[in-house]
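Across the two complexes that follow, subunit A remains constant while its partner is subunit B and subsequently subunit C.
This part shows the complex of A and B:
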């Protein structure tokens, strides 16, 4: 079922935060915001749940660490032992840089794909909220619409708060 | 309104004074029994707190240079930490004029006759040591005092001019500090082993001292909050301090490992001696826990958001770093003087305790002499309203 949304577009982050606060007080909470930069404190007003991305990042990093270690251990100590400078086959300090790099790589890449997944995004999909200039200088506050009556209330609230434009977007 | 009431209770002041007294006794006893150990302890502890006061100034400079607002609300804490600077310089002056002959092997005739030392004689000589130290003292005193006095004058003037002025002072300070502190790290600590060298060494010393400055600022902030000061500083500030502590403890171990791995891998006799002395044998019981305390434990404690925001875990991580960086200096300075193994006893404990007590008394006096918040700073409002 397509989801109808009402989007208020603002010219500054302060106006958006104020509008979100007012909407929350009026019992018409907004559910998302699209902004050119992260706004501190907006997650509390929108009552966003903590993201699961830190855990994706952690386990991605752990996978990288373990796979780097296993690969090097297997190559140097099991599959093809070589005497390098008289060091032990399992010379751990020499393994640290690779472990570090793979930890960072896996953590970064898994966080990136985790983010795409959590937003339901993929390269062939365009977000319905694309094209609102929110990657430029505009700030969009998104409301869920379930009735006409609610739509009127939200519209008047957004107008009061100085929204530049109010749009209805079907996602 | 000056914050003239002391936040130390009379009992705490007495405790501090008795710790200083015990430290003087311990120092006297050690000078009597083993003068070299006494000088080494003086070097460790004075360098530790001198670096704390300098790294507090680096922290303030970083705030000015990046135009950061988050830490402005408690900037008076690092500002008061810099008050140790003249005392540290006084101790260092005593050390330089009376102590270097008993610590640095290149000052003795046999040490100076070694071909490697002769080759470095243009750098490693008494006159160069003293003049570099004096130059560094002058630079530090000048810029650090300017930073702090500009910030305090702003309380009355309420003018952005002082902030702009301090941006210039901060820029000049970080550049001159980088050069002077590198030289001091080489002269005071690296030249204890005059045959050994590492180009990464000054960086490594700086990384340790900077993260310790953040750890100590955190410790003092959380301690003052228990005394009902700075009550409007909350979990957002803890989160930021935790992030700084976390990031710079990783930076410390990054440099530590970069130095260790290359030298371990090359295994060249003139370089590896630094690590064979420390990482094998009885010194290894200090050497390896040092890495655990300065990196692994803070890393694990501060890895999650909850660990950074909870004042208890943040305090624990900062305390481990605080003790850890003393251990770090100990394992850098002591081994060449005590090759057979660590000497760790009541002199080390009481002299460090006495320096902490002295630092606390000086800090308290300095914090009381100014307003608790930099009320004239244009970023104060932003800092107090800090959000996640």
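This part shows the complex of A and C:
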């Protein structure tokens, strides 16, 4: 379903944060912000949910640890036990390095793909907000638009806050 | 918080010199990607390309004929190949240190250099990984020898998980993968910027595709920052583990001069030392030739020199400790290893190493020298040579005269080994030169972030 958005474009991050704050106080909370670099404090204003990536990372790491241990245990103790210098088939200390490496490998790879998955990123994706120069030096504040009346209120607020430009974009 | 700053108003942050706006930062950093490279770049590319080509010919010779083309013998069965391996893995460590550990320590100065240092890590680890591969001779059988492979058609045998050499396989391949992901993740926002800045449709499409549809939304940034922090947290113990595992290739053996508990920390510090020297070599050159003096400032070079000096002192302490323990252990073989290093047939290598790694870095005590890029460049070359020799000394001096006097012998590299060494430098510099043209060499989004936070009164965010 196409979603109508009102976008206010600002010249600096401070203006954007100020406008977002004012909009929130006025009961017209912004939906998202598009910026050239991460802006601290915007998360609270936009009330973003905390990231689930730490959990993805943890369980990825756990999977890596268990697979490394299982693989080594299975090879050395179950599938093909070999007597090396009379040492125990299940000499755990020797398993530590590979357990560590695979923990890190799985945790890292799952974090990366978790990031792509969480934001639906893939090579052929194009953002509807592309072309606003928010990758360069502009800062865009995006509002969900459901009524004409709301649009007018937001527009006047954005104008007050010194927006360079106000646009309607259908996503 | 100061009053809002309008677009076009000049900023004067200490980490970025000149008067830059966000738009100018994009222009400056995209410039080398979009305009014709300077003559110096072409010359450098021709030299490194020729070196790479020579390396390819030598490797082909090696694989065609066999490892017999090398100067190895029964006593010295490891030499240039493993020296190169340890050297290049070590070079990589500085990149991860800069990108991950300095991120966790919130050192803002890393932002200008982290992208190129990470790229350097990747190219260095590629060079490193090549050495054990070509040393196998029959490279096409590598898969069976390196990785657990099921069903194993070479007989019902698996790789030996108790061997430090196998730990190496896992450590180095994990290191390469994580470094690549970390680097690429940091590149995503800048690829979108490069796409928006590009003139041609093809360039735009390529960058757009590579950026995976990066939009710069607050939601994406929040996840991206979290993911970067997590990867930095993972990369930090990883980088320490990699050279620890590499050092175990030696420390777990019984050869005098190798069998030493000091090796893991000694190798890790040595790695950071050599890596920072290589970062200094590359950055003193590229800031000059790509016109990044305003971003890679004298302050950056100064800070990196301080890290180099510190690690040089630790490495020197390790040399001293080895000599002391040679005497104090009262172990004949340990003592002989030290004496043989200092006055034996390879003494020139040993004393050159001491000169390069212990003496030359002492010049970095002086601020004037730390802030003279040309002098720093020369010192960094000395350290590169010294650190390569350090690994050569450990490996060859350790092996050529060990327990059995009857098998004492000398090792001399052949032209194939020299050729491969030259080829590896060719590969490394060719990759780096291509990178400097093809991708944004400085993290634009991070530089803009640093500017923004400094403008607000120097609150540390980077």
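Observations on the structure shown:
The definition used in the following text is that the second predicted complex is superposed on the first by the 165 of 171 C-alpha atoms of A that agree within 3 Å, B and C clash if a C-alpha of one lies under 4 Å from a C-alpha of the other, contacts with A are read in each partner's own complex, and residues count from 1 in each chain.
We adopt the following convention: a residue touches a chain if its C-beta (ideal position, glycine included) is under 8 Å from a C-beta of that chain, and two chains touch if they have at least 3 such contacts.
Here the structure is a predicted model, which is why all the values come from computation and not from measurement.
In the superposition on chain A, contact of A:79 is made with subunit C only, not with subunit B.
In the superposition on chain A, A:98 makes contact with subunit C only, while subunit B stays out of contact range. When the two complexes are overlaid on their common chain A, residue A:116 makes contact with subunit C while staying clear of subunit B. Shared-chain residue A:41: touches subunit B; no touch with subunit C. Contact with both subunit B and subunit C is seen for A:54 once the two complexes are overlaid on the shared chain.
Once chain A of one complex is fitted onto chain A of the other, the partner contacts of A:168 are absent, as it touches neither subunit B nor subunit C. Ranking subunit B and subunit C by residues of subunit A touched puts C first.
Once both structures are placed on chain A, subunit A residues 40, 43, 54, 87, 94, 97 are touched by subunit B and, in the other complex, by subunit C.
Considering their complex, residues 1, 4-8, 21-23, 26, 148, 156-158, 160-162, 164, 166-167, 170-171, 173-174, 177-178, 181-182, 184-185, 188-189, 192-193, 195-197, 208-210, 212-227, 230-231, 234-235, 237-238, 241, 245, 248, 444-446, 448-449, 452, 456, 461 of subunit C touch subunit A.
On subunit A, the positions that touch subunit C within their shared complex are 11-15, 18, 32-40, 42-43, 46, 48, 51, 53-54, 57, 71-72, 75-76, 79-80, 84, 87, 91, 94-95, 97-98, 100-102, 104-105, 107-109, 111-112, 114-116, 118-127, 129-131, 133-137, 162, 164.
Those residues of subunit B whose C-beta lies close enough to touch subunit A in the complex are 257, 260-261, 264-265, 267, 303-305, 386-388.
Of all residues in subunit A, only 40-41, 43-44, 54, 58, 85, 87, 93-94, 96-97 touch subunit B in the complex they form.
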